[in-house]
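Same chain, two partners: chain A is paired with chain B first, then with chain C.
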Partner chain A sequence: MTVKLSNVSKRYGKDFSLKNVSLAFETGKIYGLLGPNGSGKSTTLKLIAGLVYPNGGKVEVDNEEVTRKICRKVAYLTELDMFYPSFTVGEMVEFYVSQFADFDPKKAEQLLQEMKLDPGKKIKQLSKGNRGRLKLVLALSRKSQVLLLDEPFSGLDPMVRDSIVKSLLSYINFDEQTVIIATHEIDEIEPLLDEAIVIFYGDIIGQKNVETLREEEGLSVLEWFKSTAAQMEGKK
Partner chain B sequence: MTKDFQASKPIYIQIADQLSSQIVRGEISAGEKLPSVREMAIQSGVNPNTIQRTYSEMERMGIVETKRGQGTFVTENEQVLKALKLRLQTDIIGVFVQNMKELGFSQEEMIEGIQQYCRREQA
Partner chain C sequence: MSAFQGLLKKDFGISKFWFLLWIIFLAVFLIIPLAIEIYFHMPLTVIPVAVILLLGFHIFFLPAMLLSMLRLEGKTQLWLYNQQSSKALFLSKITVSLVYQLITQVFLTGVGLMIYQYYKNQIHIKAADLFNGITVVNAGIALLGLYLSCWAMFYWTIYHSLGKFPGVKNWRWLVIVLLFIAYNMLSTFLARIEFLKEVVNKWNIPVFMNANGKFRQGGWEIYLKAVDLPVLEFVLYVIVALSLFLISCWLLDRKVEV
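Entry: the complex of A and B
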């Protein structure tokens, strides 16, 4: 297992964001971490990226307990805008080259071209869609073992979404990478996924192989998600 | 481009069905090379593991053959292709008959209906 969470709990103040969660992710697969807003998806990714630490339990990447240094092995695309507005696209790429030993500038150049991003343009001149594309270029240009994407589609139009799906499929290295995508836009990414994990207010309430779910239960991920979530709402 | 898939059926089977009907319609010829797993994944916007399953399933059915180091090719075996065509016909008829039954038509009425329709088409 490339990524492993064992009995992990995370609290912010008194509120539990994750309660005693155990999960394992293997190389070569794309996982969808699905749940409503505030269910603990982002927290899970941040724990794997070493940006927050658990109050209980253990988070491991490649058999190493996660610390801030895990960013050598983990690429993380945040849902937030994290760029310096006065940087140009090219300067942003150079910054990434300076920060990450596994960053491949050639791949970045190729991706920028495919996404039609001008390296000379300032970040503040980019549209939201192009900032979304740039974030993906930077995340995909790293040869990291783990790729974490937090809401990569949020607020982007269908054209941008399609180009993001295409570049994910073109540039993920399935022999070496583990990809985890957190999103509540389930329909969008279902065909991309191997496994779907439903997280609901801090609990993992299900994990299914997407095709097995269809084969054995005749359900799409979205239908399964809705029925499982409805059951949980009923219990609350 | 990401295509829409039916909810109740595995995606790998839906893609195999699409490819099968393209083969029967002659849009993909006997002996033709199919796109690589990765290319096909990008074209249809699905996980490459799914496409791998599509190709394995079609290989198991004899519709395609994988040649080591060269890729996946549509079979040139005419019997297999003929059987595939007949299978698609049976599938379509199956759906039709089911729909007609639900509307309350008898077998005779169905056949009569088809014959009338075909006569009108010809005219």
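Entry: the complex of A and C
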């Protein structure tokens, strides 16, 4: 399973969210899509999930051009609230079971227990942290080939972030899944990453293997990101 | 549970509050005229009018319920993160709205029949006419509701498709108004052409829906007369509704973005 973006551009009116971007994501790797707010990270994930369409270029998942239907292969955790507030946690899981053939209810049950989420509780009564946990339960319970996580730590306290990182390590299928995490909070995901990609206002300005970066250049992902972004700021 | 059943369950879940609110509104709108009738000792004056008005208003109930569900989904558009076809996504909402509509139509028809039962001595109508009248009126209201729902769906998808163009985003409603005016002008123009009028009215089927009443011997005598319903016009409405539905599905699949 490969996710491929070939010369992809996405415009919103006159503003470019992505400019002629080409990227390839391989199976069995965890990618970090890093960049400041508004740099095009979320748009990249939405393009892969088939929720927005490119103005130019092609987005493919497993050699299939992406449309809305690609969500059968792609699990997507959005930064937005994706729930129906009147539903209970259990009803939301039940809805996902009915919609996605690859959704594993046993895994969901296990995750709910681990994350201490009560299936009978109404979603509108959940705290922001617990809503974040529920989003993760819904995304991780799918046996999808591609897992997209958009700002999984947004607005969450350090305790919750920690538990999310642990869940990711426990529940990602490292042999079969391609995982792409878009975030500007690099510290938390650094231990997870195989590859780091810096996106800067629509342009890809760097891509590094995290191990190589540490061993050969002696830099952490955060340090490399900061220096790369600073260079770009200097050029601007 | 199949995927479509899952969609239905979800749509019932997100809309039940508005349905309950509508039921409460119906109850209030029936209790007030009843109270007026009792207070002023004027039986069978206001409540039949209220029942007829409420039943007639149901042509807007289905599109209104559909739009209330779409409004909720439109806040994030994340309902599009779903592998079911756009037809299934829309059909689920239409089915749920139609079920609600049929329940309230049956309820109001029941209220109407209770009134009839109570004042049977003052209203004389053949049982067959009564049955035909109820069937035709209810079927007509449901079909008209479905037709208007297709328009509501079409305008909603156009509105949200335009959302991705920042230049038009603030003026989307104007595009909808212009589309509405343009369609109505075109259909009025076409309806005035004699040749088209002749073709449309060539084949008719009689439908018992024209009520006539006479006050005789202390009571109302009501009978139904057949009205000619142009078959081609009906077919045209069906084609328009289907086209609007398919265009809406196409737009939802390709133009509406999250």
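By definition in this document, the second predicted complex is superposed on the first by the 235 of 236 C-alpha atoms of A that agree within 3 Å, B and C clash if a C-alpha of one lies under 4 Å from a C-alpha of the other, contacts with A are read in each partner's own complex, and residues count from 1 in each chain.
Simple rule for what comes next: a contact is a pair of C-beta atoms (placed from the backbone, for glycine too) under 8 Å apart; a residue touches a chain by one contact, two chains touch by 3 or more.
Remember, it's a predicted structure, so these values are computed and weren't measured experimentally.
A.B. asks: Classify the contacts of A:F174 with the two partner chains as first (chain B alone), second (chain C alone), both, or neither.
C.D. replies: After superposition on chain A, A:F174 lies in contact with chain B alone.
A.B. asks: Given the touch rule stated above, what does A:N37 touch, chain B (first), chain C (second), both, or neither?
C.D. replies: neither
A.B. asks: Return first, second, both or neither, reflecting whether A:G218 touches chain B, chain C, both chains, or no partner chain.
C.D. replies: The first partner, chain B, only.
A.B. asks: Between chain B and chain C, whom does A:N63 touch in the aligned arrangement: first, second, both, or neither?
C.D. replies: In the superposition, A:N63 touches no partner, neither chain B nor chain C.
A.B. asks: Which parts of chain A are touched by chain B and by chain C alike?
C.D. replies: Shared contact residues on chain A (touching chain B in one complex, chain C in the other): none at all.
A.B. asks: Considering the complex alone, what residue numbers of chain B touch chain A?
C.D. replies: These residues of chain B touch chain A: 1-3, 5, 7-12, 38, 41-42, 44-50, 53.
A.B. asks: Show which residues of chain A lie in contact with chain C when the two form their complex.
C.D. replies: Touching chain C from chain A are residues 12-15, 46, 49, 51-53, 67-69, 71-72, 76, 78, 80-82, 84, 86-87, 91, 94-95, 97-100.
A.B. asks: Once bound in the complex, which stretches of chain A touch chain B?
C.D. replies: Its residues touching chain B are 28-30, 161-162, 165-166, 169-170, 174, 188, 190-194, 210-211, 214-215, 218-220, 222-223.
A.B. asks: Where on chain C is chain A touching in the complex?
C.D. replies: It comes out as residues 1-3, 5-7, 9-10, 13-14, 17, 72, 76-78, 80-84, 86, 164-167, 253-254, 257-258.
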